[in-house]
Amino acid sequence: MSVAVEAQGLRFAFEDHLVLENIHVDVKAGEISVILGSSGSGKSTLLRLLAGLMKTTQGHIQFSKARYQKAFVFQEPSLLPWLTIEQNILLAHRFSKTSKPQDDSPNLTPREQCAEICEVVNLKGHEHKYPRELSGGMKMRASFGRALMAKPDLLFLDEPFSALDEITRWDLQDWLRGWQKSHQISIFLVTHSLSEAALLADQIFLLGQQGEPIKARFRFETAVERDSDNYHHRLHDLKSQILPLLSQGRGRGEM
Amino acid sequence: MQLFFRRWSSLTLTSVSKTLFKACFVSVLFAGLFSNPMAFAESSPSAPEIKLTLNWKPEPQFGGFYAADFSQYKLNVQIQEGGSGTPTVQMLLSGKADYAIVSSEEILVANEKNPKTPLVALFAVYQTNPQIIMAHEERGFKTMAEVFKSEGTIGLQGGLSYALFLKKKFDPIKAHLVPYPGGITEFIAKKTHSQQGFLTSEPLLAQTQGQRTKTFLVADEGFNPYTTVLATQASRLEIKADEVKNMVKATREGWAKYLKSPDLTNEKMAKLNPAMNAETFKSSALAQKPLIEMTASQPLGHMSEQRWRDLKNQLQGLGLIKSDINVSQVYKNL
Amino acid sequence: MSQRVSRILWPSLCLIAMIAVLEGLTRSEWIPPYLFPKPSEILGLLSPSQPDLWPAALETLESALLGLSLSLAVGGLLCLISDQMRTLKDLLLPLSTFFQTVPIIAIAPLLVIYFGFGQPTAVASAFFVSIFPIIASGLLGLEKSPPELLELFRLWEASSYQQLFHLRLPFAYPYFRAGLRIAIGLAIIGAIAGEFVGGGGLGALIDSARTQQRLDLVYACLLVMSLMALALLMLLSLAHRAIQAWRPLP
């Protein structure tokens, strides 16, 4: 169902400016892979290369399936303001049909699928509202709902929670964990938050400065619960390993 | 108590001074709009400037004014040339011009509209109205009626009284009436175009450009007002009777001189109006003589009450004036 | 009194007061008739029984609307084409800005040479002034789509046409609407400028009235001109509300 990804020797340069050099990424199907780095590390660029939104200067990316469905969630909800939530989600459905060979649930009409999705993302009852009537967190959930409507095999998330307040962020992070565990979709998540990475990741790729290869890679065999002891251990380990790596050649301790 | 009084008085003082300021501002504004600019010039030691505004460019039509020797009568006359659409009547009414050239119809209409500031006609250059309709000779028209009743375009300035007269006379009109911006560009460009004009001006100009013209006098169709009329405010005639008399005298002498020998004056005018060449000046001055010269023993520029009455009746018929004007007040032979 | 009512009521009362003062000043001839006519005379000319004014106004309105429709069609088409062709767009934008500065009064006499007397010149004149704000605002608006949404559409592999219809045109709408408001006023001015030179409609009427010293008719024509523009703008407003009811475009 889901997709495994392998990328070798990725290079991306933009107008004499080297952003990524010699990047290797390999990801098993059904995992959450976190691309971690501070601002300007090139993590958003890497995500877009993997999603096919930008072309690499060098290197190749391989996917385990020839045809797969992908979806992207941005830092901003990016909903079309003149359409209701339902209409926004259905629009995505219209367009996403192109890559997918066949619908999985031929019994449900798109509208019924949309209603289901709204339940999944906890937006039931708000489908007929316009984006301006919703809070930031609800808009983000709608953005997720739009992505899910495409029935993605591969989900790309570009710092989707960083614009939200802390409580909403926790809410959505928990929801994402739960949803991903039950659906086993491969996810690439870009973030600059160590705690988010510790909570959600099955795998972390740490990016340093632009032009440098992957600084470190972390694999986790088990999932952790928020505020559990395992979680705190993991976070502590990550901090102690990552922070010195990042301050190499930069002289700054904080991310 | 003292404090209260002081505060109260300063309050009223500011509001009073504000009102005063506003009143001053407004009155200066209105004064500027309505004042006669002459009022300032009068304080200067040299002879006060007298503005004479023409309603077209310098052409033989105004030859006598350029030939006139106003300084002989101690008149410091500045001739201002006009062009298409120069509002000489408004300029007289507002005081922007002391004397101006207008048409006799304009005087009647203006006096009905502005009974408090009537104008008075002093000297009529053309005894016969030189307005014409000019067509291309090749079209073979024999009468003006034919011009209006055939296909083609006629350049005619919409609001002019003779235009209205002709429109009424030749109704229903087959030709397409179009605006007349001045000049003969369209006439040269299209053979199907005819246009209004002055007998002494447009046809001669067209001929120098190689066109063959056929002209029809509006006067022959029964509309013959005095044209190129020197006028001023009636109040000026009362207040400055001597100046007005001398203006007319100098004008009359100027015209007599111009009719006899126009060449020097033509040279002077040609410098101001390069659109017309020396030859056209000459032929135009010649062509207009019969329209100006007096048949009877009357002096140049003389006007009769009968002609003014006829004009008044015609304008009433066209709906351009509504009331019955006493024409004897409208002109003065000096 | 509700806020909305009072916002209309007080300015209206002020306006009526101003007109009353003006009427008093002109009646007593504190303002002489050759400077400004009585407001009552001006308003009297607006009655339907007057033979000259409304037929001329309709003619001008027709020319303006024809010119405007042509601007919308040609301008809209040029926007869409130059959206795809970079060179054309780089040429069109500065040209539009330049031509917006050329006064139509100077161009109208040239138009008569090409289009002849009568309505064609008035329409051409209206077209010439109204097309450039439409092109300028349209091109500007098409650039205003948020970049993440453009990325999203790219991810969805949407065709250019789908991108245009679902994303870029809705975001261009407010700019286009602003340009259209300007174009409406300009189309009327353009039609009248063309009529000054080519004849017909309110332009010829104003010219003729001026020659006959009929200031009251001149002002009546100007008043009708403004009313026409206002009416068209109100129609545009209504259309906008209808669109908003269907889809709340930005």
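Letters A, B and C mark the chains in the order given here, with residues in each chain numbered from 1 onward.
As a convention for this text, a residue touches a chain if its C-beta (ideal position, glycine included) is under 8 Å from a C-beta of that chain, and two chains touch if they have at least 3 such contacts.
Just so it is clear, the model here is predicted, and its values are computed rather than measured.
A.B. asks: If you average the Cα atoms of each chain, whose average lands nearest the overall Cα average?
C.D. replies: Smallest offset from the overall C-alpha mean is found for C.
A.B. asks: Out of every possible chain pairing, name the one holding the most C-beta contact pairs.
C.D. replies: B-C
A.B. asks: Please compute the C-alpha centroid of subunit B, do the same for subunit C, then give the distance between them in whole Å.
C.D. replies: Chain centroid spacing, subunit B to subunit C, equals 37 Å.
A.B. asks: What is the distance, in whole Å, between the centres of subunit A and subunit B, each centre taken as the mean of its C-alpha atoms?
C.D. replies: 85
A.B. asks: Starting from the mean Cα coordinates of subunit A and subunit C, work out the distance between those two points in Å.
C.D. replies: That pair's centroid distance is 50 Å.
A.B. asks: Touching subunit A in the complex: which residues of subunit C?
C.D. replies: Residue list for subunit C touching subunit A: 146, 148-149, 151-158, 162, 166-167, 170, 247-250.
A.B. asks: Applying the document's contact rule, which stretches of subunit C touch subunit B when the two form their complex?
C.D. replies: It comes out as residues 29, 32-35, 109, 112-113, 117-118, 196-199, 204-205, 207-214.
A.B. asks: With touch defined as at the start, can you tell me which subunit B residues reach subunit C in the complex?
C.D. replies: Listed in rising order, the residues of subunit B that touch subunit C are 33-34, 85, 87, 89-90, 93-94, 106, 109-110, 113-114, 116-117, 153, 157-161, 176-179, 181, 186, 189, 320.
A.B. asks: Using the touch definition up top, name the residues of subunit A that touch subunit C in the complex.
C.D. replies: Against subunit C, subunit A makes touches at 48, 51-53, 70-72, 74-76, 78, 80-83, 91-92, 95-96, 98-99, 130.
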